[in-house]
Amino acid sequence: MIDAYTIQILVVFGINAIMALGLNLITGVTGQLSLGHAGFMSVGAYTAAIMTLRLHTPYVLNLLAAGVVAGLSGVVLGFPTLRLYGDYLAIATLGFGEIVRVLFLNLEITGGGLGLSAIPSKTNLAVVYACLGITLYVMSKIQKSRVGRALMAIREDEVAAIAMGVNSTSLKVQAFAVGAFFAGISGGLYAHYLTYINPNDFGFMKSIDSLSMVVLGGMGSLPGVLLGAAVLTYAPEKLRFLQNYRMICYGAFLVFMMVFRPNGLLGGTDLRQLVKASFKGLNWGAMAKQGARTREGIGGSKDGIA
Amino acid sequence: MVAVLSVEDLHVYYGAIHAIKGVSFHVEPGEIVTLIGANGAGKSTILKTISGIIRPKKGKIRLKGDEIHNTPPHGIVSMGVSHVPEGRRVFPNLTVLENLQVGAYTRREKREIEESLEDIWKRFPRLRERMNQMAGTLSGGEQQMLAIARALMSKPQLLLMDEPSMGLSPMLVDEVFDTIKEINASGTTILLVEQNAQMALEVANRGYVLETGEIVLQGNAQELADNPEVRKAYLGES
Amino acid sequence: GGQPTQKSAEQKPPEQKLADTGPIKIGFLGALTGNVASYGINTLKGMKLAVEEINAAGGVLGRPLEIVIEDNRGDKTEIANVTKKFVTRDKVAAVIGDPTTGGTKVAAAICQENKTVLVSAGAVGPGVVEIGDYIFRDVVIDPIAVPAVVKWLKDSLKWKRVALIVSVNNDYSVGQAKLFEDALKKEGIEIAIKESIQDGDTVFTSQVTKIKKANVDGMIAPIYYTEGALLMIEAKKQGLNKVFIGGDGLLSPVLWELAKGATEGCMVFAGFSPDEPDEITKKFIDKVKQVYNEEPDMFHAQGYDAVYLVADAMKRANSADPSVFKTALAQTKDLRGVCGVLTILPNREPLRTPINVLEVKGQKFALKARVPVTAPQ
Amino acid sequence: MALLELKEITMQFGGLTAVDHLDLRLEEGVIFGLIGPNGAGKTTVFNLVTGVYKPTSGSIYFKGERIDGKPPYSITAMGISRTFQNIRIFKSLSALDNVKIGRHCKSSMNLFHSVIPGPFTAREERDIEEKSMEYLRMVGLEHKKDILSKNLPYGEQRRLEIARALACEPKILLLDEPAAGMNRQEKTEIMDLVRRIRDTLGVTVFLVEHDMKVVMGVSETVAVLDYGKKICEGTPSQVQSDERVIEAYLGRRARRTRKAV
Amino acid sequence: MFLTQLVHGLTLGACYALIALGYSMVYGIIGLINFAHGDIYMLGSFFALYLTSVVKMKIAPAFLIAMGLTSLVGLVIERVAYKPLRRSGRLSPLISAIGVSIFLSTLLNMYMGPQTRGFPDVITELQVKLGEIVITTTQLYIVAMSIALMLLLRHIVMRTRVGQAMRACSWDREVASLMGINVDQIIALTFAIGSALAAAAGVMMGVYFNAWWPLMGFSAGIKAFTAAVLGGIGSIPGAMLGGVVLGLVEILGSAYLQSSYRDAISFTILIIVLLVRPSGLLGRKIEQKV
């Protein structure tokens, strides 16, 4: 039976999934570690909220504007910072997220620390899933296209990709723009769903949440990211019966899931292997060895110590 | 006399890939034994299994009679096996001297280490010149020397060498093979993997030919060098 | 505590969505983990005490009260999740919480839509009860309290120049600071310097250095007790020997537990006064000490009062159906609680009077003044 | 006009001069070998030509147009592509996808095209697929198109890299030690492949290699670098008998073989 | 006033440096963005709080025992949450670290309550007055401690046999094991030292700010990450410098610019620094040889 609570979870899952799919393009496909994705989401949320509160524009237009403005902010962030590699980029994106948050805490138009309230409640299950469908369609098309292959090439080996004629800076900015666009859409949906937004809702932890969805699901894999978003949206709710122990168990659950599937639930394997692995039970040593044998991964700037 | 190394019915897998399919061979004290074979035949895999980086699925590896296939790599090093890995893999941000010191990690006698260092300086004067240079900035040939020297620092009884001539200029290839002979002459047993079969068979006592994870031919070096199959496939004669 | 029951005219609930027998469920909305957990945990403790007392005295309408407890981590999405769960799965008669204004707003929209009463024990900012006729709060609301306190500062303490400290990532603080700014302007008190901090900060050195230079009569600090205590420590370290005054956000024994001597003389205005308590308040304070082995703060008190507020309305309406007892709730008048006397105004905002100004003396809050307030016209 | 011309190229890293006032001319359609001791600066020359490094001084011309200072991706688009000394394939992509990425600069679909389908995009995608298969076939890997490239044996990875570079339809192909780590037979196959690339596709080949049998066997002209300077240039036999080359590079055994010849 | 702010900035910077040191060490040697470092720091601080307030210990032994206990916890965490992920991509251990972080902070939240707690008076505060500047003993301790620990750490990493092994592991674990290095042991040791350093930072900061709460690790972890990257990943003096710069920027930024924009100011400066020096202040860009 689908009651309002179930619908609630389904809506939240949809909003999270759209956001995570956007991040997946940046981190999973293009290999650029971003720790500030919530910044884009907040840009989208505030754009939608301000438009509807001040200009009384229609809902669909708000959503679209949320995506576009967030996408533009992705370009603005991308141009200077995408020259940075690996963890240096990661910290710059983290910084971006924080700068946006502090800005929104201080601006008049965003209501500062009071946030914006009385945003019309427009988002419903149908809209969220329509948006999710569009996101999935766009992402799967991109991944299978020339641009998508070039993005993957950048992830695998940027130097070689450039040598194949891939303009990596421009493509990375494009990936950031598209990823931010969808984060913005998800922000717009969020604002019109909860009716109240506050800069603190889009802090670093929110960025980390969506990164967890991407990594836990399996970077670069669309079904993986959906599964990751589903698991991480559902798990905290499902664990409610644990009462006080809930978040403790959630932390342990994250560790357990990563150890169990080091490359994500659907990362780098087909479903057949997944089934086989779950039959084998949890053999930590063996599981670890199933992972890639090399330790390059994304943001593979290995700098050693000095 | 007990063989320095004996490998019996070795099977190694990478996930589902059956890379080594029942290989057996042995290396006697004081020998240079070479493994030759096409790319992907499994040569490097065998060396990695001996030095403990990869666990075999089945089979036995004995070092002077002791089974070692369940010993971790660092344990195997302390038992007197040293491995010059494929592609040099020196520690780029450590100096030449530090690379050598790390090579002597299993030894604790300061004086003896000093002596070994002196030996290395004598054998590789070029390394001495570059003692305090970061290994990552050495040229390919120098890095190869360093990799060999580093392996010698643990005073191995058995030296495993994986394609030491790869990517070296012809002159350096000569130098490296001279070095191999000298090391052997000073009492170190050597298991040598080489693509340059001609040179390898020149320095080796015996050899094994590996194809897709199985030994297809074996014999002493001269026999192999004269074998028409080997000549065709590995020595480039038609 | 409760008022004599006034029989409500319409007895029959319009939709039979709640069980008529068995316990009356009340949802607790608040954070038990995360950044704002300390507010949620104490609110819940206060609620539990009230429910125990009420149940021991025979419950409401002959049925016991039961609290449904869920943690929302202070996360807006989880607040929405939990509220939806309360109204659809648990079918609670009322939701009590969230202690934060933002969280309350998210929950209020859902409660209003699902016709469930929400009583916020802690939301002091603007725009809460406007969300709908099912939404209430039992706090001292700032638009009424702040002007009165500022007037008192001018009249009794003769303050002319003040520093205003706001925690920018705390909506309570930002909202209260705005009201202070307006009121200070109206009373002609100069804001010599306005400094910002953030919840979670531990370093206040540069703010204090600047305030010290500004040479003020006192500091207005509408912030919470943790930052407040650390700020006072820093002030003392730097020799800034002026008095802080803040709202009930500072009303917690944590203040001197953390800051030791540095809080001496600091002032707090609140509805709840642990000093010179009346019977109800005294009983409550003893109970908190006895059951939880701690001094009550304003969240304990608000949680406790909120349960009584709801129970009282149910009794008067003779119904546990929200669409029925919400009317009685809106008519609450002169209900005694541990935070003073509460009346719900026609616009559904609460009026508590008087406002107590408390002063930290040794390890307790001593009553310094009672500032009477009236409903704004 | 030479296809590729380096004029007075110098490249310094900190205090180290890796390439020192180097002049090179490659005519269209040749197979040009570049040899020299380890660390002589051969790979650096490739990096300069492909724009990975900007030369400290000097200029590089391709088809008469100056290319030094241009970004690497646009140099590739002009018709210069390469392989790497340490294989740099896209490891977790399939062999076919690797080659498809090689087609990047020969196709034009952008982000919008990929989302909004149309006849043009379908046609271009089909062309990419067909052409990529063609190059895989050329290096003999068509039956491995769906295998993840990291799971290919070393020799096949090398050939895959060549196919990927060919997919750009370059005018000139830079091969950095394509035969390293291969045995005789495989080396012979690589030599065949190099010749076929030139003969059937008409691509000029610029080859760096340490195996004398390979370089001397396929190149028409060979230049020798030592400490970044060109010490000799000529036909294979001229180069092999040059005393300086023997001294700096080939060593005594080569001398012995030469005498034996 | 400027000098006073400068002193505050340096002290805060030394605090950040103290957290960043352990962070940077683990980061440099294992390549792990250890989001649980902040929570290990919180745990170290908690042990000291417990020992001084409940067991009524003196601060010096409490400090040492806290370091010891925390490194034991660090060992367990490494074994359970990171070791099984050694061979997978870099982001998997990062997510695992987040799991550990949530686990530790909520565990302590449940056990101790979310309340901020003060330390008992464990250090007799003396003040040194130099003109208008006032320097306290705790400030001196913090600065001295961070410098001493930096030097000690640098000595261990650069000059000792174990340090050599650590550096070898940081470049190539497989080859390191071929040198006879017990890689598991070295990594465990790295974690133990890193956790002990985190504990040292936690105790010092707890005493200095007189505050402990279960979520104190969160922002500390971000500061440590920022400082370590700002200074140059893996560089120990860099972590120190990065911490000091961050502390100065925060204090001077809120003193002379807008205090409400503090974090925005420091991150803007961070991004600008990285654009000018893409490998941090003291980081060496390891040229990828093509």
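Order of writing sets the labels: A, B, C, D and E. Residues in every chain begin at 1.
Just so it is clear, a residue touches a chain if its C-beta (ideal position, glycine included) is under 8 Å from a C-beta of that chain, and two chains touch if they have at least 3 such contacts.
Predicted model only: the values in this text are computed from it and were never measured.
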Completion exercise
The chains touching both subunit A and subunit B are D, E
Exercise for the section: Specify the chain most distant from subunit B by Cα centroid. Expected result: C
Completion exercise
subunit B and subunit C have mean C-alpha positions lying a whole-number Å distance apart equal to 75
Handout entry: subunit A and subunit E: spacing of chain centres that average the CA atoms, whole Å
Key = 28
Problem - Centre distance in Å when subunit C and subunit D are each reduced to the mean of their C-alpha atoms - result: 74
Exercise for the section: Please work out the Cα centroid separation of subunit D and subunit E, and write it as a whole number of Å. Expected result: 47
Problem - subunit D, residues touching no fewer than two other chains - result: 52, 84
Exercise for the section: Please set out, as single numbers or ranges, the residues of subunit C touching at least two other chains. Expected result: 33-34, 166, 168
Problem - subunit E, residues touching no fewer than two other chains - result: 106, 109-110, 167, 171, 258, 260, 262-263, 286, 290
Practice task
Quick one: which bits of subunit D touch subunit A in the complex? Just the residue numbers, please.
Solution key: 50, 52, 71-74, 76-77, 81-82, 84, 88-93, 97, 100-105, 107, 109-111, 113-115, 117, 121, 124-125, 128, 164-165, 168
Handout entry: subunit D - residues contacting subunit B, complex
Key = 35-39, 85-86, 151, 153-156, 177, 180-188, 210, 212-213, 248-254
Exercise for the section: Provide the residue numbers of subunit A that touch subunit C in the complex, in ascending order. Expected result: 3-5, 7-9, 12, 105-106, 112-115, 117-118, 121, 190, 193-201, 236-237, 240, 243-244, 246-247
Fill in the blank from the handout: Per the touch rule above, subunit E residues touching subunit B in the complex are 161, 164-165, 167-168, 171-172, 174-183, 286
Handout entry: Residues of subunit B that touch subunit D when the two form their complex
Key = 17, 36-40, 87, 138-142, 163, 166-172, 174-175, 195, 197-198, 232-237
